[in-house]
Amino acid sequence: MDLFVLTLAIPLVSGLALAAAGERAWAPNLNLIASLGTFLASALLTAEIVAAGPRFAFGEMFFIDSLNVFFVALTAFVGLTTSIFSGPYMRNEREHGRLTAARLRLYKSMFQLFMFTMLAALTTNNLGILWVAMEAATLTTVLLVSLYRTAASLEAAWKYFILCGVGIAQALFGTILLYFAAERVLGETGNALLWTHLVGVKGQLEPTVMALAFVFLLVGYGTKVGLAPLHNWLPDAHAEGPTPVSAVLSGLLLNVALYAILRVKVLADGAIQSGFAGSLMMGFGLLTLTVAAFFLSRQKDIKRMFAYSSIEHMGLITFAFGMGGPVANFAGLLHMTLHSLTKSAIFFAVGHAAQKCGTQVMEDIRGLIKINPVIGWGLMLGTLAILGMPPFGVFASEFMILTHAMKHHPWATPILLTALGVAFAAIFGKVQPMVFGETHLKRLPHAPAITPVFVHLALVLMMGLYIPPYLVRWFHEAARMLG
Amino acid sequence: MSISGLLWQFFAIALALALAPLLTGWVNQCRAWLQNRAAPPLLQPYFMLHKLFHKDVVLAHGASPLFVFAPYVVFGCMLLACAIIPTLSTDLPFAPAADTIALVGVFGLARLFIALAAMDIGTSFGTLGGRREMLIGFLAEPALLMVIFTTAMISQSTSVATIVETLAHGDFVINPSLAFAGIAFTFVSFAENARVPVDNPATHLELTMIHEAMILEYSGRHLALIEWAAALKLYAYSCLGLALFFPWGIAEGDSAAGLLLAISALIAKLAVGGALLALIETINAKVRIFRAPEFLGTAFLFAVLGLLVRLLLESRV
Amino acid sequence: MFALLPIDVLLIAAGTWLALGLAGLAAPRNFRYISKVLFPLGAAVAVLAGLTSLSFLGSGAETAVLAVGLPGLPFHLRLDNLAAVFVLLLGFAAAGISVFAAGYFRKGEGAAPGLLCLQYHFFLAAMLLVLLADDAYAFMVAWEGMALSSFFLVTTDHRHAEIRRAGYLYLLIAHVGAIAILLCFGLMASGSGDYTFAGMRAQSLPPFWASAAWLLALLGFGAKAGLLPVHVWLPEAHPAAPSPVSAMMSGVMLKTAIYGLLRVSFDLLGEPLWWWGVVAMAVGLATALFGVLYSTVQSDMKRLLAYSSIENIGLIAVALGLTLLFHAYRMAALAALAMTALLYHCLAHAGFKSLLFLCTGSVLHATKERSLGRLGGLIHRMPWVAWLALAGVIAGAGLPPLSGFVSEWLLLQGFLFSPGLPHPWLNMVVPVAAAVVALVAALAGFAMVKFYGIVFLGRMREEALKDAHDAGRWERAGLVWLAVLTFLLGVLPTTVIRLIDAATRQLLGAGLADKVREHGWWLLAPISPDRASYAPLVFLAVIAAAVLLGRQLVHRLYHGRLRRSPAWDCGYVFQGPRAQDTAEGFSQPIRRIFEPMFRMERHFPTVRDEQPYYSVKVEDHFWNWLYLPLARFADGISRLIIRLQGGRIAIYLLYSFLTLIVLLLVARP
Amino acid sequence: MSTVVPLSAQLINLFAAVILLLAFAMLAQRRVLPLINLFALQGLTLCLSTLVVAFSTGQAHLYGSAALTLVLKALLLPWILHRLVRKLQVKSDVEGLVNIPTTMLIGIVLVMVAFNVALPISQLASTISRGTLGIALASVMLAFLMMIVRTKAIPQVVGFLAMENGLFLAATSATYGMPMVVELGIALDVLVGAIILGVFFFQIREQFDSLDIRHLEKLKER
């Protein structure tokens, strides 16, 4: 069977099945198996694409090239580790009485459907379908955010829904404008939203229209990426949703939204020829980075803080892609990968920590290293990794971004330096006493599923010291494609 | 390094050992005369030393080996200082071992040991003396070094022998910088040798003493060594001052005639110098300990002025 | 058979350290295995590294490339003479410290020994890699690895909030410094985009950008070295760490920062500008004076030593400034003189400061006490530690005939010739700077007397000190090793200078070795014996002869009788150990004379006090002048910015709306 | 172009104007049920406009779009909203953050902005309905404004849906509609979104005893 079809079908079918089946004993296993299956299919698909080059599926509706296949693999991988993590985590939540069986069913089903929408958004060749999938991704996660049905989680979900809904509406307007511009070149063949066709004629697209379209798309999808000042939904949703959801929101949804912007940027760049899109992204990136860094220092809730850290990194990545060129794009892609691995690892550790301490308030979490050294070290190393400490890989991409900025946009470096310094001071200052220090809590008897944390961190560590050549080739190709 | 040179070197050391107490005695005598007191005999310091060497050492219970060891080190340091300062001749085999900067180091080493020894017994006066000594030390050292810098710049050398040779035997040049340096050096020597107005070697008044406070617990041969070392230090400073600022008469080679002349010149200069020292001590009052920074600050100022004058007026000669 | 190059040996050494660290994790709680097997092995590796670089010194550079790192930028490594001097320092200092550590870490104290072993050996390996790195990425990875591993070591005892705070401050400043270094590399590579050091060497920057890069380097490396005003972490972190770690940080890690500065200033940037020298000298003088003044007023023995490290780093920076000046004006011989002073002081400080920190470790173990006010008289209980510490104290006070004096002597010699500078202002101001150096040296003597006198001499201020025990065998061995190094560095300056001359020659194209070699191995005369000379062996021999002869003569001519009695103390009857000076009392003159330099909080007792007490707390002005305003500023900004997140969805929508409208109105391609 | 504008274009422009008028009317409407009715009316107008375009251009798939609009926006969504209002017993008064005249003034400014932004694009367009792109953008913005100024959940959602109306108008006016598969996807999303919103209303109502979103202002930075 076609690997691509499998990759998309497994989450869709299992999501529907989980919704239909209800909370049975085998449901968690099905969830896990489905994620595993998706991952295996995507891994094989990746191998196939790497070996045989880009391909279409379902006519020209889906298109897998070296840019998105690596996001597909990453998405499936994080999806898998999140399922592994969420098994014991959700069981504990249920034991604590925070969730009912019905909600667990909702969670599993929606999780798989969310994976489906992500994968569809990544692989579609049609910018309209991309929009549809992005909207669907919002819809599948909005109920997950309010899973606990607390006042705060409802509020968070409502804001998430409204803000992202409005944002995505703007993206639709942008898509319409894009279609409008494309139709003038490609004619009414129905191919005018197909990226593979668009990219061929990107130089002929009307610059004025493309500029407006890009603005709408950037503001629209940028809302989902969490670009300041459109980011306001993000911390609330991350903090109030269940931790696995925070992990995938941070690790995957933001990436996919950014991916959508990147696809459009290629077209805008081709049409406008003046670095307009790049400057806009750089501006947004810097603003986001700075704003998020200053938000960090006043956080009290641990998940909220790491949500802001995600915003910060999205800003950095946006900045990198804004700079453009093979090096910066390479760095941006690398940073996206590493950020999703690291951030989801952190959320796993945070989830366990918060569960053990029974709170998300950082002042009440102390001495994790005594309560559970594995969680403590996981959180510590994850934090250090996300802060860009070598030898973790995040440093590698930050190294490239900073040095590239130094070379081409030296004016931006003081801002970058300030923001990174402030972020470091804020995050590390909060995490250190949580991990170290005295605590009155006792060690808990049962061990958590902490393997995903260390698998992620090991990967991140490896990328800091050694990026396998095939990965490099692949990144290079993707970076070149982005222009 | 010739045999005769070595001999003259040892002779210079022996002369220092012999003359140092005499100088102290001479200063004391002059001072007594100036103060209308009956003067002790000129040889009184020798009697003192002899008496002290005879006495048993009374060692406090808490004394550590460092306490016993320190007087010898101090004595050795002062001896070394006397060995490298050209008292009679500039051709000293030991002189290359230490230049003026190292000389400051030697005094510093002695100071460190005596201050540590003062703290060793653990009495209130000992530590008090130790800290005051170190205080004077860090105030005096920069000034002394600036003085040395001034002279060193004139001769393009920090070696004492070379400086003296340059100053004594070069063309006669009026060096106003040397006047400043000389004043600064005088100030520093008063402080370093525990003299009025910084310290009073004749008092055991608790609140004012510095040097005496440090050696309160010493007795017998240890005390004798320390007193002798103090005399040597005075001698060394005097000789250094004389060598730097009144270098005439110091022999360059090791001819017997030159050295004889040098000895007589030295004794004459020391006699005058000692009398002047007594005079200055008499007409000044001891200042409070916290006026000492001002006193030595002035010395430092003079030294820096000397340096600047040297750089401004004399450098492009 | 293929021959192992020195660089290979060093790489193997680094690898072995990493392996030893991981081996510690294999049995993290097996105490004997870790302390008596792994640490001594680590010491052996350190000796090997030291010997390797010893044999290497003087040969041409060797390079290697490791197959890790970034794509297109694998780890480039290079062993040249500059690196070799610092590897020598690292190896020999680390050997002593590791041996000491084998006896130092005790059961049941703080973290699991395996973890400590891991962090410690990673720290060593990272430092070695810093010295060997030959491209920006490898350097940064090693540099931050060094910061990270030492951070974990500093917070070994993380139960105390102040230790955590110290660690936090340390890592924060280290990280900011690292970003500055990264930007410096970025600047240096900006033309070619080649991030290897070879690439940076090959290109020359315009003066403006070269200066920017140099200033960034000064900031970045200064943050690690402890230069003003980014020194604040140092007096917090060094006391917080376990003593071997303090020794390693102070003795070795600070020197890696100096290494970095040298590398950037002389190797990578090409021709330095003269005013860099002025900046370095000004910063160095300020740092040295600040460090020594604060060192004299401390009441915690490790803090005292930490500030003393700041002082020494300041002196090294002064030497750097002098070198830069001379080099910029092409006075090669003098530049070589100043550079030799610099390198010599690095070596000397590594020896004596490690020694002193280790001594405080032994004291800490024996007494559980760090506060000077509760120590005293330990020379009676801990003679080994006390006598070995004396060597460190003499060297630390910069007195002959030990190591600290040689470098200060060389430095002052350098100053003496600064009037030759062809610049009307400089040749006047620079010699005066020598006076500050002299003041610093004298004050260092004050601090050292205070340290030694209060800890080891006098009477025991607390009853509990009677149970203090001397250092164990391992600790003693480590101390002896470092003391011997300090002694050798003190009495064999010509030999050492001939060793480090290769580095001077590499950086400046001129060296002292030829001159030095002319006058025999015992006489140090960098220019000519007429101008200046120093022969520590003769020096030592005269003093030793005087001591021995004096003793023999006195005993022979008179007698050697000795009686014991209570101390006299001017006849005062009450003589408790409390009557001795406290640490605060001892430094009272300094506080008084240099009052404006300190920020003091004092409490004076009054007549009516029920329980009268006196207390004084000395704080760093820089907190109030720089750090607190910065923190307040950042806090103020973040207070403003968080208003963005006011909770109202309407406002959020408004942001989105306004962003859109603004962009639509301004977006013109 | 001084030639006579064809009837179909006149009709389309008329319908567009009606849509804009309805957008203003919604902005001014204080009560919930009439608001929903206005929304339904807007959907109906949109459907008619699409039909005219379809008829005059012969774009077959636009008939489908029109039907979809009719079913979804003129019938289904208003019906759902009506049911919700009844079930949740929402008080009929709609409170605004800003008083209505001010809102209207801002609205007029927005219309001017929208026209200006859309002008260069309309000039490029070849469709008969190109003039309406500015109106589409304006109604999107007015809907956006409504979302900002309303403090109750249901009017906010109506604003959200009205925005979709504007988008749809834009799609038809500029490009004769998107490809069918996209249209269907969008419609599905809107439907699912509406259903989820319904679920939400119940949850919010259950939690806060009110649909006033001023209860939803707890999550913020302090």
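In this document, chain identifiers A, B, C and D correspond to the written order of the chains, with residue numbering beginning at 1 in each.
As a working rule, a residue touches a chain if its C-beta (ideal position, glycine included) is under 8 Å from a C-beta of that chain, and two chains touch if they have at least 3 such contacts.
If you're wondering where the values come from, they're calculated on a predicted model, not measured in any experiment.
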| item | value |
| --- | --- |
| Chains in simultaneous contact with subunit A and subunit C | D |
| Subunit A and subunit D, separation of their C-alpha mean positions in angstrom | 31 |
| Geometric centre distance via CA averages, subunit D-subunit B, whole Å | 100 |
| Inter-centroid spacing, subunit C versus subunit B (mean Cα positions, whole Å) | 35 |
| Gap in Å, rounded to a whole number, between the CA centres of subunit B and subunit A | 78 |
| Residues of subunit D touching at least two other chains | 117, 144, 147, 156, 213, 216-219, 221-222 |
| Two or more partner chains touched - positions in subunit C | 642, 644-645, 649, 653, 664 |
| Touching two or more other chains - residue numbers and ranges from subunit A | 158-159, 162, 166, 208, 212, 295, 298 |
| Pairs of chains satisfying the touch condition | A-C, A-D, B-C, C-D |
| Residues of subunit D defined as touching subunit A within the complex | 117, 120-121, 124-126, 137, 140, 144, 147, 153, 156, 160, 163-164, 167, 170-171, 174-176, 178-179, 181-182, 185-186, 188-189, 192-193, 196-197, 199-200, 203-204, 207-208, 213, 215-219, 221-222 |
| Interface residues, subunit D side, partner subunit C - complex | 97, 113, 117, 141, 144-145, 147-151, 156, 213, 216-222 |
| Contact footprint of subunit A on subunit C as seen in their complex | 67-71, 136-137, 140-141, 143-145, 148, 155, 158-159, 161, 164, 167-168, 171-172, 175-176, 179-180, 182-183, 185-187, 189-190, 193, 195, 634-635, 637-639, 641-642, 644-645, 649, 652-653, 655-656, 659-660, 663-664, 667-669 |
| Subunit B residues within the subunit C interface of the complex | 53-54, 56-62, 64, 66, 69, 72-73, 75-77, 79-80, 83, 94, 96-99, 101-102, 105-106, 108-109, 111-112, 115-116, 119-128, 130-132, 134-135, 137-142, 145-146, 149, 152-153, 156-159, 162, 204, 206, 216-217, 220-221, 224-225, 289-290, 293, 300, 303-304, 307-308, 311-312, 315 |
| List of subunit A residues in touch with subunit C within their complex | 158-159, 162-163, 166-167, 170, 207-208, 210-212, 214-216, 218-219, 223, 228-230, 232-233, 235, 272, 274, 276, 280, 291, 294-298, 369, 384, 387, 389-391, 395-396, 399-400, 402-403, 405-407, 410, 413, 417, 420-422, 424-425, 428-429, 432-433, 436-438, 464-467, 469, 472, 475-476 |
